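So, here come the structures, one by one.
What follows is a pair of complexes built around subunit A, which joins subunit B in one and subunit C in the other.
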Partner chain A sequence: MLLDTAYNIGTPEGVELRLPVAGLAPRSLAWLIDALIKSATLTVLSIFLQVFGDLGGGIYLLIVFVLLWFYNVLFEILNHGATPGKRALGLRVMNANGTPVGWSGSLLRNLVRFVDVLPGCYAFGCVSVLLSKQFQRLGDLAAGTIVVYAPKTQASGKSDSTPPVPLKARMTLDEQQAIVSFGERANLLNEERAEELAAILTPVLEDADRARLLGHANWLIGERSAS
Partner chain B sequence: MNLENVTVEMRPRSEWEATDFGARMIRRDAAAIYTVWFAVTLPLLGVAMAVVFFTPYAAYALLLYWWFEPVADGAILRIISRRLFGEDANVRATLRAVPVLAWKNRLFLFTPYRLHFARSVAMPVTQLEGLSGAARRARSKVLNLKIFNYGVGITAAYEHLVLALYFGIILIGYALIPDAYVDTLGNTWMDLFWLDSSRVATAAGLLVFYAAQTALQPWFVGAGFGLYINCRTQLEAWDIEVAFRRMVQRRAGTVAAAVVMAMFVAPAVVLPGTAHAQETDAVEAEQPAEDDPGFAGFWSDEDVRPAIESVMASDALDTMETVEEWQRIRKDEPEKETPDRDTSVLEAALESLFDLVSLMVEFGLWIMVGVLLLIVFLTRNRWLPYVGFETSTRPAARRIYLAGGELTADQLPDDIIAEVLNAWRAGSKREALSLLYRGSVFAAVTEHGVRLPRSATEGACIRAVAAQTDTARSGFFRRIVHVWVRCAYGDQEPSDDAVLPLCSEWPQHFGQVR
Partner chain C sequence: MRQEAFESRHAESWATFERWIAVLSAPRGRRGPDDDPVATISKNFPAMYRKICHHLALARTRRYSIGLQQRLNQLALDGHQHLYRTRTPFFTAIGNFLVREFPGAFRKQWRFMLASTLMFYLPAVGMALAVVAQPEIIYSLLDPVDVSQMEEMYDPANDVLGRERDSGSDIQMFGFYIYNNISIGFRTFAGGLLFGLGSLFFLIFNGLFFGAITAHLTVAGFTETFSSFVIGHSSFELTAITIFGGVGLMLGYGALAPGRKSRWQAIRSRARDGLPLIYGGTLMLVAAAFVEAFWSSTAWPPLSFKYAVGSFFWVLHIFYFWLMGRNEP
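Our next item is the complex of A and B:
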């Protein structure tokens, strides 16, 4: 099988879900952003709470406790699996079977975080992400969760105003999708490259060129001539 | 470069995903990559160590090692770039090529460009495209536009992770020192890295740094290469080229079969999704012949086999799992209890006290279980309906839940048909039909013992009545429901001819008992 970043799971209904799991670099940066947010919050609070003396100190310690243990859990549960750092990097936590992460999963993965941190500086977590197949740190392995890229809405569809040209050759779904994505991206390529790509298809579609393929692409996405 | 042989799934990815894609490539050929890594960096480390121990410039040894380490990056790049296009990861050839690669990458080895913030994405341009000078700058500009920021991002991430691992390894070492020696050996260990400036301390720091970099550097190179490849995939539509070439290849492979197939060839068929969108312009696509048997001959073996093979090759069908578990081995003879001679009276007393306490706790737990079971039993009327059991089997007491809510006897008049006819003549037809429907359902349940599912819809009622009463009655019930549904949901008011016979026939089927 070809190497791929996505992790495919089949549901009982026969639907193939493609989960693009996220690796070390984006996850580290997401962690960094969260760490900055947490430390900034605590710094501001400590200045403010100083006014209240010992009472303020007590409240401060309580807040430290809550932030340390529940920052990730609450954001993951209430914010579709994403802490602010993860959101900034377009990441999201979910269960390995593709379902949204729940209380038990989130709590477990964030409790085991304190094993990942060992021996300080996240050495265990870092090595675990590098070695595990789906880029899971120990907490993820324990809770059965993965971190994936949140799907982006793709602008897709009609490439340009080329009139649709019916496609008569027999084609598999993949092949039709290739032609459609050619239609979508032809405008981003330079002219020569687009012609070169189209020329590859000459054995399949006689007189294949850029304009004709664009027409096919428009036809495949359901455009029909006005007449 | 032969795109037909790519060994990866080509598709435009997001930039961060592209870095992970690089990590996958490293992972796949980790053995070859680490062989090359050690072959290149160990001599370099040796030189750095020599500097530590035999020259007065020990402090610069780490810098020396760090500065020339990208020689190994070039070798790693060569392996993964070749593997990308289906060539072997030939360790020997790669090692022979190291000097050439170093010369190609001279910009990043011998000039301040070594400090380039996005070196991992800039190196493929010099090494793989062999560009230098103005050509390289122009090319870099194109690529930088898209991925420079991400190149800097992974540099920042991985350099910091190297530092994190560096400290991590030191701390692991400290954690492994037994408590008894922490004061002596532990302090020596920590001083080695923080305070000491001896040659041994420098060498130790260098070794730990080398270990940390060994763990991470290949992944850094892979991430940069992934970004570079993804950028070119997007700019030059490699994924489309690969798909097109496969399309042509598939045709070439199936020409022979196509002749045989020609007899059966089904007409051009397009995406299932678009097939139904062609009503008006149907002429454009050939239509199936009148006597088309369906899908016979539609898929040839050649069409389907790759799909079958990929399905068979996927993890879903071919999973081997090693399950290990602990099993208790029962010894035939119970272990002979060694008489504990040293047990003093006090210990014996404590032991019996603990036994007593544990006995009490155990009893307490069993009592709690009993109480819980009792509570569950006593409240059965509350929860039994929720798990699908009726609390009583007498039909008169059975409750009816329709989709709209509960249906009870006091919602219905005594003489249903009279009330229905009144409402019908008064013109409130919907009320009349609603009453007729509800009355029939009620009668079916109370008089004929029909059991309805909770929140029964009209369709569910029809099915239940059809399954549990005779055909005449269920047919009549069906007519009532149809009239009601048409009026309620379809807004088609039935005529007198449709409703009045229902009213007159009603007493034959329902209402005897009441």
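Our next item is the complex of A and C:
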């Protein structure tokens, strides 16, 4: 738990909500996708609007303006905090207190983007993301926003029909939780990796392997006999 | 309690809560007929949300599996986002903004507004005097090509004033003014984050530029064409730029003198204070672009009429910021 990038939000109800903050690489990729979308849109539009001469030129400049300053703002407000690029990378913007980002937050973070770009190639923004605790660029810091991974829907607790195997060894709650989590995630790993991970427990549990750990996991979450 | 028993006992509540979230997130038109009515949801939502929070806390202390914790965390987060989101009716907000919030914020931040006004007009006046005394000075700031282009644009010898254009090119210029001027405004604001230096740079530079061109065209004897073109939109445009500069200076001041807050806290609260001014400034620049594209360039009204309209806009601005928003805290 010490190694992950979870950011905790305290709520009035006395629980902490945990959110994984997104770092430089996924955010840059999301930016790249957005940049491609914007430039593709502008290219297509400029060809189309050329037909209309000066009028088209005016409309083109209006659209450039809106895309330049408000592309992010509009998507972040109307699309649950995510531009298409962020959505593709599974990211979203929210206020640092965990509420959805609103006009003020989104507008501030995207206006200050101008400073993040300075002195070139988003240098200030990148340094700020690397140095700040919640990976915030200057715009995020000024607006009080964060970029987090939008959580994926999780596989539910019991993922395997292995019959429960009683766990004889004495284990702390944390250790038990590790086994249960292994049970949850085993079907996301390939078999060799799962066996390899299971083998780590050999000194504690004799003949620890994948099947046996899954059995223990099912026993720990409460299943008592094979159904 | 074992995890499985816990899950099966509360699965129904969680599923209900998930359904409610889905209903609340869906756009109004797309709610299905068999969804629970929003009134029922609203009534029971807070209690259910507290229950979910309780379950999350239990799941954590009892070390239930990470997957279950994440699911509950997600449910609680969704609930949190729905319960604590802020909403204001749109049109009430707009009216309130124009009558109170914007001028109120302007009055409240008068020191910064004054500072940025001075930082714009002092260089402008200084540069204008310098150009009058020593006309070559303009070339230290502007390219000779640009200068001659300016001269050509406002030469009274042209039979059309400024630019006489068809409606298509009016719209083209409108697009250009929106794109160019508002971008300048936004940069003038955002540059303030660099300890105010960016805003100062844009204010002074634009001031010098404005002063130089005004003086140069006056010396060249193009006063009538130039000022009758500029006077219409100048009140909106120049005031907006100084407002953006002022908010930039607010950011810079927050960074330089945070007081009892941390530096970023100070910047954040200054930025929040300045937001109404940014919205207002943007509206003013849109108005400026509109006037500049569709009114300032027209040739048919008599000069006196254009001067009258332009002066009226200036007076309007003075009274707006002088009289409105006095009762704001």
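The criterion applied here is as follows: the second predicted complex is superposed on the first by the 164 of 227 C-alpha atoms of A that agree within 3 Å, B and C clash if a C-alpha of one lies under 4 Å from a C-alpha of the other, contacts with A are read in each partner's own complex, and residues count from 1 in each chain.
Going forward, contacts are C-beta pairs under 8 Å (C-beta built on N, C-alpha and C of every residue); 3 or more make two chains touch, one makes a residue touch a chain.
What you see is a predicted model, and the numbers here were worked out from it, not measured in a lab.
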(message) For A:L107, using the defined touch cut-off, is the partner it touches subunit B, subunit C, both, or neither? Pick first, second, both or neither.
(response) second
(request) Check the residue A:S181 against both partner chains and state whether it touches subunit B (first), subunit C (second), both, or neither. (result) both
(message) With both complexes overlaid on chain A, does A:A25 touch subunit B (first), subunit C (second), both or neither?
(response) first
(request) In the overlay, answer first, second, both or neither for which of subunit B and subunit C A:P151 touches. (result) second
(request) Go through the superposed model and pick first if A:T5 touches only subunit B, second if only subunit C, both, or neither. (result) first
(request) Would you check which partner chain A:V64 touches, where first means subunit B only, second means subunit C only, and both and neither mean what they say? (result) second
(request) Identify the partner contact of A:V127: answer first if only subunit B is touched, second if only subunit C is, both if each is, neither if none is. (result) first
(request) Could you look at A:L138 and tell me whether it touches subunit B, subunit C, both or neither (first, second, both, neither)? (result) second
(request) Go through the superposed model and pick first if A:T99 touches only subunit B, second if only subunit C, both, or neither. (result) second
(request) Could you list which residues of subunit A make contact with subunit B in one structure and with subunit C in the other? (result) 173-174, 176-177, 181, 220-222
(message) Please output the residues of subunit C touching subunit A within their complex, sorted ascending.
(response) 2-5, 7, 25, 49-50, 53-54, 56-57, 60, 62-68, 70-71, 73-74, 76-77, 80-81, 84-86, 165-176, 178-179, 182-183, 186-187, 189-191, 193-194, 198, 251, 264, 267-268, 271-272, 275, 278
(request) Note which residues of subunit A are touching subunit C in the complex, please. (result) 9, 11, 13-15, 17-19, 52-55, 57-62, 64-65, 68-69, 80, 94, 97-100, 102, 104, 107-108, 111-115, 118, 138, 141-144, 151, 154-158, 173-174, 176-177, 180-181, 183-184, 220-223
(message) Considering only the defined contacts, which subunit B positions touch subunit A in the complex?
(response) 6-9, 13-14, 16-17, 19-21, 23-25, 28, 153-154, 156-158, 160-161, 163-165, 167-169, 171-172, 174-175, 215-216, 219, 223, 234-237, 239-241, 243-248, 251-252, 265, 268-271, 273-274, 277-278, 280-281, 284-286, 303, 310, 313-314, 316
(message) Touching residues of subunit A toward subunit B in the complex: what are they?
(response) 1-6, 8, 10, 20-26, 28-29, 89-90, 119-124, 126-127, 130, 135, 149, 152, 166-178, 181-182, 185, 188-189, 193, 197, 200-201, 203-204, 219-222, 224-225
